[in-house]
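This is the structure I want to talk about, given as structure tokens.
The letters A, B and C name the chains in turn, as written, and every chain counts its residues from 1.
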Amino acid sequence: MSLDSPPPPAGPPAGPPAGPQVGADEWVARQEHRREYLPSWLGRAQRQAERVGWWPRLALAGLAAAALPLFGLGGFQLQVGIDALVIALLAVGLNITVGWTGLLDLGYVAFFGFGAYGFALVSSGQVGANGIHLPSYLSIPLVMIGAGVLGLLVGLPSRRLVGDYLAIVTLFFGEAFVEFTNNVAPATLGGPNGIVGIDPISVFGHQITSNAGYYYLLVIVLVVTMAVLRLLEFSRTGRAWRAVREDPLAAGSMTIPVDRVKLMAFAFGAAVAALAGTIFAAQQISVFPTDFDTPILILVYAGLILGGAGSIAGAATGALLVMVIYDGLLRSPADSGYLFYGLILLTLLVKLRPWRRLGLVLAATVALGFAAHAIAAAISARAVAGGPASTGWVATALRDWVIVPANATVAGNYGFVALVCLLIALVQAGPRARTILLPPALYLASFVWETRLVTEPAVTRQLLIGAILIVMMNARPQGLLGARRVEALT
Amino acid sequence: MKASVIVAATALGALAVAGCGSSSNSSTASGATKSCVASIGMEGPLTGPVAVLGQEQLHFAELAASMDNTANKTKISIVQGDTQLNPAQATTVTQQFTSNSKIVAVVGPAGSQEVEAVGPLMARAGLPFISGSATAAVLTTGKYPTFFRVVSKDSVQGPQDARYIITNLHPKALMIVDDQEAYSTGLVAAMTPIFKAAGIKVDHQSVSQKLTDFSSLVAKVTPATTVVVLPWQVASNAQQFGRNLAQQHKNAVIFGTDGLFSPGTFSINGSYVSSFGPDITAIPADASIAAAAKSKYGNFGTFGPPVFAATHVADEAIASVCKAGQTPSRANVLAAIKKTSEPASILGQPISFTTTGDVVNGKFFLFKIDSTGKYNLIPG
Amino acid sequence: MGFFFQELVNGVTTGALYSLVALGFSMVYGVLKLLNFAHGDLYMVGAYIGFFVIQWFGGGSALTIPVPLLLLIMFVLAAGLVGGLGVAIERFAYRPLRDAPRIAPLITAIGISFFLENAALLLFGAQFRVYNTADFISLSSGITIGSVTIDSVQIMVLVLGLLLTVGLRELVNRTKLGKQMRAVAADREAAEMMGINVNFTIAATFFLGSALAGVAGVMGGLLFNQVTPTIGFIVGLKAFTAAVVGGIGSLPGAMLGGLLIGVAESMITGYISSTYTNLFVFALLIVVMLVRPSGLLGRAQLQKV
């Protein structure tokens, strides 16, 4: 029996100093310098997981992504995967300009379009009598180099313009690209009809024509690009980029050639975007000007920032998440329903403490629902004539709970407005008021979903992605894998 | 990550898996297999800048499906897919449809570029698709074996309209404005050479569909310009153009094409509209359809009725397959559509298809708008 | 010559509209350093409100109240409701992100833009809602100087735009609230320590900026007649451009930027070709930015070392 007292249990470390202290640097003290670990074995597992390096994690993610089709993914899921991987590649490239160098580039999609159109022009029957049909191993590097040069040109204003002024100029460039491809030289560029009949990419003599083929190609390209960028991140150039982001003046004083560094950021970002563009063009077999308009830019930015700007893994993860939800899950009404109810329950589980309160709210919601349904049925049969518009077991479960009138549209509209107002009130209210307001709010949400939102899946999809963006940014402003940064605003 | 989040995520995952499993079970275990059950996909711009067109098309597709279900005792449902008139999204939606084995035919997509983007996919899956508004001439050169359309093509409409303008309106100078979409530029490309050959001075302008103010463009209309040709898709824009014309006291007459056919929205006195669809409110046989559409969905234009016709063709094909005792599949529905021979349709003319997918003897109807906003058919 | 003046009038009118929206945008940016991409959608909400007011009072051709009263109600209601919406958005979505990196509220703003546009699509449907201004403000009213016609709606837009701009300038320069806004824009922490209620000031700024966008929406409806859920996007983009080109944070700059864009569009459409209007306008603005990197009237930003 040991006389030594057992070591004190390793609980969470002490919190940050409470408030400013004399003699201690307040700025430093406010930093999030410690991590919260989960208690017991989960915390130990978490600490172990963190010791796995970046490279093994990349390899694991790549293998997992490559193994995914083996679980029997159909053409649609592969297409969603391809779209997601293209956006992830774009996000990883945008990360160089926005995340590492801090230059807000709102015309990034133009490089994507340049890559696609460039590939379309040199690898199809468009130019000349029979067309130039350059093999992929020539055309892709050619297009990437061309995009790099274009990136240098677009980056030239960055020598004089900073911040939002640079953003505007790049935005012009992005818009100008769409206008250009739509209206200028319709014989060569195809005008609104675009370019069709693009050659597939051939790797080592083998032409890739199926979705599965492009999926694997994209996984490999993404993994290789992320690896290259990781090496770049810790090279002199990468450090120079980060220095320019933090303080260009100080960086310049330390003999970093700030202008050249910015141009390189643009050029590298453009090259990665062009690579994504070539694969996109080959997979779609056609390119049109509208493929490279603002909605794609918004998706890339959403993915980058949600995942955490400044982190390669974050950019890829965020983009994959956004695209799988937006392009995949939300396109099917059944999955949208699960996502909707699931997210509400998830938020409640995470935010509503203690467990007793959560149980109380859920029970109250269920009771309120049955009561309301019974009262409405008693008042008028028409008020509950319609059934929940969802399919499957959700509809059967909700049939006697949610009120769905025969003519649901107008009631649903008013319900929608009421729901938004109620949500705003919920956010402002104190804990007591919140507990009371939650059951009606939940019931109203289900009502609006069953009456209006399920019947218009296209609109609901956009509404949900907007709501998800708002909520996720509120919950974690630095992004999933981003690091909390303090910005000094002059 | 907090424990609660992990627990919640696992619960959510279990929920989804349970849901996915049971929902697919319940759908295959549905009742009587004697009734004709099938799905038709509908691709269109349901959100975005031209949502007004896509929503109208969707409404008419659903109307057709419900009317045909009652008439033929079938159970055909419409599955929507939002393309936002974007070819890349159309590809994704098409992949979604081709992966869904219950979908045996597709109505749409709306734009010619989208047809070009999804044609090979549809062909590979053997899925027939009928468009009510993709009018580019190149689509029916045999490249897309499963493509059909119920409206005639630009290469017919353009020259027909151009010749009418030359012989009946005698302009010395005219302005032709496209809206930077493939439909519009195709028509302009078909019409401009004919005008130039007749010695008319042509001022070719181009504006974006998103533009809502045309006062600067209208200021360019010279006194000698007596005709302005607007092959646009959005009728409301043309109405605004007309208002700007009146505001600046210009005397040019507007000549529009299908997109402008929208009683109630485009009603500039003295304008001409050439449409691939007739005014269904003026066709007695369509009275019930027009009334149903008006009461449920309000005003409609020219993009809805052709999609009604397309859906009807698909419905009839599926019904005929069921009547022959077979289960609807893409192959037999495709064969049935190829043999379509409707003596009368909502478009006021018979529908049958050529070997490359065009509608046989597609007509164009010319209307003139009078001071009450009524569309009067010009015979011949 | 008449042609030049006609295009000038058209350009100045549309430019006045853009500058109103740009003013609101610039105000919000000045105070929060936030690029509010949802600002254009507030314009759209204002346009819808104006439409429903017209319908409430009988519709364009059968109005039950005199036209000036109708216009007053439209403007006041749009300003109030859209202002309130702006305050709610700020409270709900932007306040938690006040200390986050500047790029985070960008995505929230995009989310709000998606939400507003599609909520309008859901509630009001995709059909174009038409003001039919000609029904209650006759097209022949207005002044005609030679071959140049200025519609009465255009006159109203110009006059109202001028009044609002001057009023805003007075508010920012002369009143206590304006002083608070300027203080919060200069240094939020210091303003807080000086006893200024920062939350209230920011809410007031949002209210004013959004109200301006709402009024601009009604004016846009009267001028351009058609309202759909997506009209806000383009206007918001142009307002953003106008605000930056004029010098972000500078109110006269926003106005100048808006006018510049409106006139440039008009002149280029008139004298060159409408096909290349956007390209040329972009080129022009890039040149302006290169010549004056902080915008037309912006102050060169001091960098703290």
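Heads up, the rule we're going with is that a contact is a pair of C-beta atoms (placed from the backbone, for glycine too) under 8 Å apart; a residue touches a chain by one contact, two chains touch by 3 or more.
Every value quoted in this text rests on a predicted model; they were computed, and no experiment measured them.
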Problem set entry | Pair sharing more residue contacts (C-beta pairs) when A-C is set against B-C | A-C
Exercise. If you average the C-alpha positions per chain, which one ends up nearest the average over all of them?
Worked result: A
Exercise. Any idea how many Å lie between the Cα centroids of chain A and chain B?
Worked result: 33
Exercise. Taking each chain's centre as the mean of its CA atoms, how far is chain A from chain C in angstrom?
Worked result: 29
For this session: Averaging only over C-alpha atoms, locate the centres of chain B and chain C and give their separation in whole Å.
Result: 35
Seminar exercise, completed: Listed in rising order, chain B residues that touch 2 or more other chains are 47, 206
Seminar exercise, completed: Shared-interface residues of chain A (touching two or more other chains) are 183, 459, 462
Problem set entry | Multi-chain contact sites of chain C, meaning residues that touch two or more partners | 118, 121, 275, 278
Exercise. Can you list the residues on chain B that touch chain A in the complex?
Worked result: 1-9, 11-12, 15-16, 18-19, 22-23, 26-27, 46-47, 80-82, 84-88, 91-93, 95-96, 98-100, 112-113, 116-117, 120, 136, 180-182, 184-186, 206
Exercise. Can you list the residues on chain A that touch chain B in the complex?
Worked result: 38-39, 42, 46, 74-80, 83, 182-183, 186, 191-194, 196, 211, 280, 284-286, 288, 290-291, 293, 295, 327, 331-332, 334, 338, 342, 345-346, 349-350, 391-394, 457-459, 461-462
Problem set entry | Residues on chain A engaged by chain C in the complex (per definition of touch) | 98, 104, 157, 160-165, 167-169, 171-173, 175-176, 179-180, 183, 247-250, 298, 301-302, 305-306, 309, 413, 416-417, 420, 423-424, 427-428, 452-453, 456, 459-460, 462-463, 465-470, 473-474, 477-479, 485, 487-490
Seminar exercise, completed: The answer for chain C against chain A in the complex is residues 33, 35, 88, 91-93, 96-97, 100-108, 110-115, 117-119, 121-123, 237, 240-241, 244-245, 248, 275-276, 278-279, 282-283, 285-286, 289-290, 293-295, 301-305
Exercise. In their shared complex, at which residues does chain C touch chain B?
Worked result: 3, 6-7, 10-11, 13-14, 118, 121, 125-128, 130, 134, 139, 149, 151, 223-226, 228-231, 233-234, 265-266, 269-270, 273-275, 277-278
